[in-house]
Amino acid sequence: MKETTIIEIEEINPKEAVLIEGLPGLGLVGKIAVEYLVKQLNARKVAEVYSPHFAHYVLVNNEGILRLLRLEFYYWNGGEDGYDLILLTGDCQAQTIEGQYEVADVIFDYARRKNVSLIITLGGYQKEVKDTPQVFVSATDRKLLDAALQLGAKNSPSGSPIIGAAGILVGLAKFKRMNALCLLAETYGNRPDPKASKSLLNLLSEMLHIGVDLSDLEREIFRYEQMRERIRKIQEQRRMLERRRQRTEEEEKFSI
Amino acid sequence: MKETTIIEIEEINPKEAVLIEGLPGLGLVGKIAVEYLVKQLNARKVAEVYSPHFAHYVLVNNEGILRLLRLEFYYWNGGEDGYDLILLTGDCQAQTIEGQYEVADVIFDYARRKNVSLIITLGGYQKEVKDTPQVFVSATDRKLLDAALQLGAKNSPSGSPIIGAAGILVGLAKFKRMNALCLLAETYGNRPDPKASKSLLNLLSEMLHIGVDLSDLEREIFRYEQMRERIRKIQEQRRMLERRRQRTEEEEKFSI
Amino acid sequence: MKETTIIEIEEINPKEAVLIEGLPGLGLVGKIAVEYLVKQLNARKVAEVYSPHFAHYVLVNNEGILRLLRLEFYYWNGGEDGYDLILLTGDCQAQTIEGQYEVADVIFDYARRKNVSLIITLGGYQKEVKDTPQVFVSATDRKLLDAALQLGAKNSPSGSPIIGAAGILVGLAKFKRMNALCLLAETYGNRPDPKASKSLLNLLSEMLHIGVDLSDLEREIFRYEQMRERIRKIQEQRRMLERRRQRTEEEEKFSI
Amino acid sequence: MKETTIIEIEEINPKEAVLIEGLPGLGLVGKIAVEYLVKQLNARKVAEVYSPHFAHYVLVNNEGILRLLRLEFYYWNGGEDGYDLILLTGDCQAQTIEGQYEVADVIFDYARRKNVSLIITLGGYQKEVKDTPQVFVSATDRKLLDAALQLGAKNSPSGSPIIGAAGILVGLAKFKRMNALCLLAETYGNRPDPKASKSLLNLLSEMLHIGVDLSDLEREIFRYEQMRERIRKIQEQRRMLERRRQRTEEEEKFSI
């Protein structure tokens, strides 16, 4: 496999679809959001993407089956008057700039064949978070931007760079004659952050008129916060013990 | 997009043109100079360059519109007896050596189609600066070099390497059968340096007989220097406080 | 040589073969195991692989002959009712992800032409080792996995990434319509570990019904352990001397 | 320029030639040796090699003319009964493994067209040097090796890796159906080492029956050693002053 390759598991033919991307990134915010959508909407896997630009390791699942890193496309039929959704998530992003562009080309090629008219990319934005994480929006055109702003999103700080697939897909959309929207939720960024994902899902759910029940996500947020609190306490105790040990050592040193 | 791509916004057909390049580099000296020319000469944007070799992030402008990193060509019609100018600036340089060469090929291809006979590259040269930054010149041939020397430029120190687009474009010019000149102004290099850009513009303005008013640039230089002076004072205070704090800590340590 | 190249030294035409890979990696576990098989089975070298993706140095053998880094395929005819084996070992692995995929393509191409129906990759798994190193197994399908589990292998911890050729070859096997099995033995990983290789060979020998005499390997393990014991003692003495020296220095410092 | 390119300045047609390579490396040993040969034999430049795999800077010569990094081929006609020599030196080596292989291909292509039957690569071998630097030899075949051994060269330590062009050219020679010899002189490696180059030239001169006068090189060695001695003294003084300063500071610290 010398080039990024897509393998279609099931042929789908939506009349018009929205592609929502959530790959691993800051706080896993996008990935958690898209995986939640897949589960809640009961979306079916329809394609996989493999690439020599992904990291050079492979994963073993809990049945002992080994597989290459990959991206996955899921499909949800929105019915007569709704949008069809194509959900994109996966194990990783490409490791190099050139790889990011090659993978993006494969994604756009699939999107065009499946009549995608709008791409929405999800991710995190590293920042001190107060209460509910805010959502920052940027887009390829004014109209899309306004739609998100009216639903409570904030304008992305001007000049701020957006790293990785969430940015490149939106940046390239113009050349592929598609519209695109990038939604980033505030996150500390150094740990999985389902709370930030919830902010994204709230906005998405309203924007696309898909009623998604977020109560399962709330339960997960609660579990995460309990776990964090426990870890915080353990670390504090360790630091205290460490400080006591150092003081003892210094006293011994000066008493030689 | 697997390769560097140029998108022409407006078709231009100069009889003969000079291409002036100023991409981000030491002290942003070249970029500031070319952007100033674009503004003062009221040059029109005529083309954009996109590349998978630019950094893997995208920019959001102050209206929330997200776009890929790019280079931009601007055009100024010099009238009947003057030179037409094509001005090249942008967000970044290619990230790898191979990328630099690929982007240079796209630039040369455009330059040839637009009848460019001379390429001038601008940049900074890291050095202690006394009063007015000097300009160092190197070129593809003796005649061009002498022209710049007569206008006050200094010979580039022999053996000194020139890094990035400013050097590679001049180095490749020979193989593209074009003449080229590289002008580097002395700069500290670790902060935007409009003063160095002014030295370049003074020389360029005389060399190409384009009367450019530099008073706006002088105002910017003044603003920069005031800001630097303020930052310097704040840092000095911080260092003093830090030293006082350390002394106190050491005294406490020995008094345990 | 711009691409990975295979040079066939001897044409072989097995009806059906098993490919066993053991390239340099953690504890050299796989490489030691395959090299031992080559020697014990008296397998003949049948092909070499060269690549611009291997490290940029060359090796001099003990006769002064200089050669490029390479992989080597060896062949062992299993007779009428046994398996034919193709053994793959070598000096190195590819240095980049893209290189790993290019080299893997060359290996699969050869494997297909030689009617390989099963690929077994060998390697180390970094871990505290107690007594006999355990063997972890992962595979492309359930049946292969069960066969190894019944012979005493353990299930690879879920989610654990497998780095390098041992993983990528198994991961790619699915796309090449071959079955594949990955066996990793526990190893400290920072030194050649023939003991871990022995665990692999025990399992392999049973699985493939090839009676391999492991007594030579046991002798080598014994030699390694003696050597390690000696090194451990020397290091301990050094540390003691170093501590004594530091104490003396500190006393002198305080007595200035 | 997307690929390594050779530009022939003068067409030559030797009946049979020896190619001697000396590119920048440890102690610049090979480069100094080949440049000395070029000068002493009054060899003419016949070709230049440019590559996007060289470093991304350009050089300014002492006349202010800017040029890309390059390799240079020089030619010396050995007369009726001697060898014709093609000498290869340059500013740099390729920056990546893949680049090394691409550049090597261009060199071999030129060598074949010019009827090169033997390639000799020169370089340094990092080691404590006692008196006269020894020369280590490795080769593609036994006969060449013996020829060098008889002239006083030592066998390269087995298993020792040879890095860069000096090794890769010899390693690839086999596939290009050419013979090749690698000569490495002992050098400290961290400074230009004409003394090591002299060891190489002594051996080469005998081997190829070219009478090269080495007295100019001896003068240069003498100048280098005087310079080193001066630097050594200055550094020793600095260290003494530094130690005195530290002691004073510590005394002050303890007297607070």
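Brief remarks follow.
Per-chain numbering from 1; labels A, B, C and D assigned in written order.
Everything that follows uses one rule, which is that a residue touches a chain if its C-beta (ideal position, glycine included) is under 8 Å from a C-beta of that chain, and two chains touch if they have at least 3 such contacts.
Keep in mind that this is a model prediction, so the values were computed, not measured.
In summary, no chain was found to touch both subunit B and subunit D. Steps from subunit A to subunit D, minimised over paths through touching chains, total 2. Two copies of one chain, subunit A and subunit B, form a contact in which under half of the residue numbers belong to both partners.
Simply put, subunit C must spin 90° to overlay its Cα atoms on subunit D, rounded in steps of 5.
Averaged Cα coordinates give subunit A a centre that lies 37 Å from the centre of subunit C. Computed centre separation for the pair subunit B/subunit C is 52 angstrom, with centres defined by C-alpha atoms.
Listed for subunit D are no residues, as none touches two or more other chains. Chain-to-chain contact here is organised cyclically: the chains close a single ring, every chain touching exactly two others. Taken pair by pair, the chains that touch are A-B, A-C, B-D, C-D.
Touching subunit A in their complex are the following residues of subunit C: 97-98, 100-102, 104-105, 137-142, 145, 149, 155-164, 167-168, 170-172, 174-175, 180, 182, 247, 250-251. Every residue of subunit B that touches subunit A in the complex is listed here, in rising order: 1-2, 5, 50, 52-68, 95, 256.
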